[in-house]
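Right after this note come the structures.
Shared between the two complexes below is chain A, which pairs with chain B and chain C, respectively.
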Partner chain A sequence: MTTYLIRRILTMIPMMVLISVILFTMVQLAPGDAFSGQFDPRVDASYYEKMREKFGLNKSPVEQYFIWAKNFVQGEFGLSFRHRMPVSDLISDRIGNTVFLGVCSLILTYSLAIPLGIFSANKPYSKLDYTLTGFSFVGYSMPSFLAGLLLIYLFSFNLKIFPFSGTETAGGGYEGISLLLDRLYHVILPAFTLSLITIAGYNRFVRSSILEAKQQDYVRTARAKGLSKSVVMRKHVLRNALIPLITLFGLDLGLLLGGAVITETIFTYPGIGQLYFEGIVNRDYPIIMAVSMISALTVLLGNLLADILYAVVDPRIRYE
Partner chain B sequence: MSQELLQIHNLKTYFFSDSGKIPAVDGITLSVKRRETVALVGESGCGKSITSLSIMGLLPESGKIVDGEIIFNGENLVKKTDAEMERLRGNEISMIFQEPMTSLNPVLTIGEQIMEGIILHRKVSKQEARERAVQMLKLVGFPRAEEILSEYPHQLSGGMRQRVMIAMAMATNPKLLIADEPTTALDVTIQAQILELMREVKEKFETSILLITHDLGVVAEMADRVIVMYAGKVVEEAGVEELFEKPSHPYTEGLMKSVPSLEESQQRLYSIRGNVPSPDELPKGCRFAPRCDKAWDRCFASEPDLKEIAPGHAVRCFLYQSEEGNEPR
Partner chain C sequence: MQQPAANLHTIEPQPGEPTTEAKNAPKKGQSPFQMAFRRFRKNKMALVGIVILILVTLLSVCAPLIASHDPSQADLYNVDAKPDSKHWLGTDDTGRDHFSRLVYGGRISLLIGFFTMLFTVLIGVTFGAVAGYYGGWIDNLLMRLTDLMLNFPFLLFVLFLISIFEKTTIPLLVSALALTSWPTTARIVRGVFLSLREMEYVQSAKAIGCSDWRIIIRHMLPNALGPIIVNATLLMATMISIESALSFLGFGVPEVTPTWGNMLNGAANIRILTQQPWIWIPPGAMIILTVLAINFIGDGLRDAFDTKSTRR
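Coming up: the complex of A and B.
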């Protein structure tokens, strides 16, 4: 297992290099740069030239890549053109918010999807099952910006229950537990928006996984032992049915950041997703590159985690 | 205490679907005495498994016992509640299945799976259940029983898993063991070992066995009495020697002839022509008539009754029901 892990981690290095080359190429292929969008008549055109010189934008793309890569591995993510600040500072200011949002959305996903899937599987083809299927279908197919806007409209403007932006009450001066509660209060709508698709998808997944497990021979064996239906469900069916979900957890982790871009932007929630969105709008490529690389790394680590978790929960899986 | 441990009387188990009712088991009567091994034979699709699941009360949801009674140890199982059946299952009546590869839960250890039944029925501590599990595993032929306890099913071969199933089934010392094709999925050499083990276990625990199989070799080796089933009905019943000496129903004869024999090197193995009819499209008259070489007009017109032709030997066939005015076709 240890050698397996080391091998897996080592193979991530060439993958990250490849990803960075592709990303860099895409950023270069996009027309314009950070300064081509700024038409300020008071500023002399030569100023932009000077800035391009300063940020190395006049160099050849290959040269630019190596400069970027050299700095990147040393932990230098470059200066944001827009913010005139080191990208690493921008990220470290915000990454905590994104992690908090991600964790809350994962908790929401699993604490809702599993029970809902179980309800459905207990009475398949019942009214409850069909209702949940319907909601899941809508939830799954609704774009998250629309879901976010609907939630804001409903819960913030009409019902005035939840705030629609920020991470905490401005000037609230909360500390400790009450700060946490205040942050939870702010994160609920974005977290729900972010988890809507996975809640919708996973509860269907849990349902069909349970229905499939119920058909298995070992369930009949367990019943033949005299175990009641509920014990068989708990001890035999659920354990088998939920194993694939645990591996999805790792894969899901990698996708969170992508979802956070839209969600954080809609809720003006200051995380790295929102930073990324700004970066794209402003063609601020040090930001785009840095956040993309973080995202790629979480995807790879998420995949690795998925494989590790699989081996932990399923005795049939062993890595050499 | 009556001599009969299990008496099934006129059992009818039907499936209900949108296209109507399917009589999978259509009025069978059979009995199993204490310490007796009764073989239930017939081709695939004759209703053997559904008969056994009816006894266990583990029918699929669309299946229902619509008539008849199943008297086990003096009590009618058809009338029992779920909770009462749960107390009986795995305790007084145990069952082992055809597929040892899939009959054990892949994510629980062998120990957990054997112990859960013991704890449930014997109300003992985990430690005691563990000891019992080790004892049972040794009995079914695992010298390193303690290690097996913490292993998972995928680490064992098919034969070993079937041994585990037997250990699990016998751990509570049941009065009746139902074995549904216990060796069908195994290699021939392993088959012989498992059959030998079942015989040993039966002696040791004084258990009755209802052995379901389509393999007459297994029947000859294991059974005291044989019940031949065809399309949901009993067509012949006899002691094992009597049956092999004087197979009387054309279906039984056909089954006998299709067993590969070592002495005569037959060029081609005999097989009964046609297939078992599906229970939702049964022929009129005798259900075997369309496949029978000896069928005559009457066989297609009405169904014969099960008639005793010698003590303990009953056949459902017009050949043995002398009535005038009928000529073989």
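Coming up: the complex of A and C.
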């Protein structure tokens, strides 16, 4: 297992290098830079030249790549063109918010999808099952930005229950546990928007997984030896049916950041997803590069985590 | 937004399953496709999906007959009008009739969804078939490329790709989406081809000297069509949804050409979101309805092609 882990982590390095080369090439292909858009007749053209020099934009692309890579490995992501401050500072200011949003949406996903899936599977083809399946289909078919808009419209403006932006009440002065509650209160709508698709998908997944497990011989054996239905369900059916979900958890991690771009933009939630979108709009390439690299790394680590967790829960799987 | 067609949540049909199990024995002379069609016909949800999709398509095709106004005709004396008998869904901020734009918008949304799906499937099937048929280093190379593509966070990558270009056009949008979405399809097709490769009919076709392309296209592809069709259907739903998200963010089709996605763009404005729900709810509803209908069909097709999951 240890050798396997080391090998997996080592193969990530060329992958990340390739990804960074592709991203960097795309930056070079893009027309203009942060200074070409803002021509101001009052500013001397030499000013822009100076700025380009300051940001290292006048060097050859290959040279620029190596400078960027060297700094990146050292945790130096460059200066944001727009914010005129280090990208690493911008990211460290916001990454906590994104992690908080991600954790909340994962908790929401699993705490809703598993029980609902079990309800459905207990009485397949009942009214409850059909209702839940219907809701899952709608949830699965709804683009997340639309879900976000509907939630804002219903809960923030019509019912006025939840806030539609920010991470905490401005000037609220909360501390400790009440600060946590205030933040939870702000994160609930974005987290639900972000998790809607996974709630809907996993609910269906749990349902069909349980229905399939129920048909297995070991379940019949367990019933035949006199175990009660609930014990069979808990110890035999659920244990086997929920294993694949654990793998999905790892894959989910990789998808979170992509979803966060839309969700955070709609809810003006200051996380790195929103930072990325701002970066795209303003052609702020240091930000685009840094956030893309972080999320590619999350995808890779998520996949690795999925494989590890799979081996942990299913002893039949061994990695050499 | 998730990786398109990353059907993590659904169980892919197992390729190469024998279709002649005793309990499902086909009537004499029934091809696997006829059997699938018979099962599909019994699926009510899928039929509802087909009816909805036909209606939506008709609405878009017959847009000139249904629309009450020219969708690009601005009327600056009548901007931001509320719905009334003349403008059924009011007018937008330049006085264009919103209902007419809604009807015409379906055309572009459906076309983008369809063509993106088509190109994605073409790329994915080619890569998957070649990788699965030849195996060895070709497979290795193509699958590493697939892994590389899958490791890019999809939405971030697409946004970046589109933002490189000065102006977003429909062909650009379609190619950007197709170029980033094929890996899942390629993986599915490769899996099917790997198992088909060992089949006796493929071996015998090789033995009598059929060319590789003939074996791939005439012998293997028809047997892999089930999973491909299911994947293509679900892809189209995802693509319509992604087009709308990109247009909403302002990176989709320019606003001159109405699509359901860019009609929702206004809802980013808090005044329109709260005060003029008739502007954004109808295109939103059309998107959900269409995607839902296609997903129903995709689900029905999956059940129809998968002989294992017969209803109890």
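Convention: the second predicted complex is superposed on the first by the 312 of 320 C-alpha atoms of A that agree within 3 Å, B and C clash if a C-alpha of one lies under 4 Å from a C-alpha of the other, contacts with A are read in each partner's own complex, and residues count from 1 in each chain.
Note that in this section a contact is a pair of C-beta atoms (placed from the backbone, for glycine too) under 8 Å apart; a residue touches a chain by one contact, two chains touch by 3 or more.
Values in this document were obtained by computation on a predicted structure and should not be read as measured data.
Participant: Based on the superposed arrangement around chain A, label chain B with chain C as either clash or fit.
Facilitator: Taken together on chain A, chain C would fit alongside chain B, as the superposition shows.
Participant: Just chain B (first), just chain C (second), both, or neither: which does A:L112 touch?
Facilitator: It touches nothing on chain B or chain C.
Participant: Using the superposition on chain A described above, determine whether A:I272 touches chain B (first), chain C (second), both, or neither.
Facilitator: neither
Participant: Quick one: angle from chain B through chain A to chain C, Cα centres, nearest 10°?
Facilitator: Vertex chain A, arms to chain B and chain C: 70 degrees.
Participant: With both complexes superposed on chain A, which partner does A:H236 reach: first (chain B), second (chain C), both or neither?
Facilitator: first
Participant: Is A:K225 touching anything from chain B or chain C once the two structures are fitted on A? First, second, both or neither.
Facilitator: First partner only.
Participant: Taking the superposition as given, does A:I280 touch the first partner, chain B, the second, chain C, both, or neither?
Facilitator: Once the two structures are laid over each other on A, A:I280 reaches chain C alone.
Participant: Please work out whether A:D217 is in contact with chain B alone, chain C alone, both, or neither, and reply first, second, both or neither.
Facilitator: A:D217 contacts chain B only, not chain C.
Participant: Hey, is it chain B or chain C that touches more of chain A?
Facilitator: C
Participant: After the superposition, pull out the minimum Cα separation from chain B to chain C in whole angstrom, please.
Facilitator: Closest C-alpha pair between chain B and chain C: 8 Å.
Participant: Mind pulling up the chain A residues that touch chain C in the complex?
Facilitator: Within the complex, chain A contacts chain C at residues 15, 18-19, 22-23, 26, 29-31, 137-138, 140-146, 149-150, 152-153, 157, 197-198, 201-202, 204-205, 208, 248, 251, 254-255, 257-259, 261-262, 265-266, 276-277, 280-281, 283, 288, 291-292, 295-296, 298-300, 303.
Participant: Which residues of chain A touch chain B in their complex?
Facilitator: Where chain A meets chain B, its residues are 216-218, 220-228, 235-236, 239-240, 243, 313-316.
Participant: For chain C, which residues count as touching chain A in their complex?
Facilitator: So the residues of chain C touching chain A come out as 1-3, 6, 8-11, 147-148, 150-157, 159-161, 163-164, 166, 237, 241-242, 244-245, 248-251, 264, 267-268, 273-274, 277, 280, 284, 287-288, 291-292, 295-296, 299.
Participant: Provide the residue numbers of chain B that touch chain A in the complex, in ascending order.
Facilitator: Going through chain B, the ones touching chain A are 56, 58, 82-83, 86-91, 94-95, 97, 99, 102-109, 116-117, 120-121, 152, 154, 165, 168.
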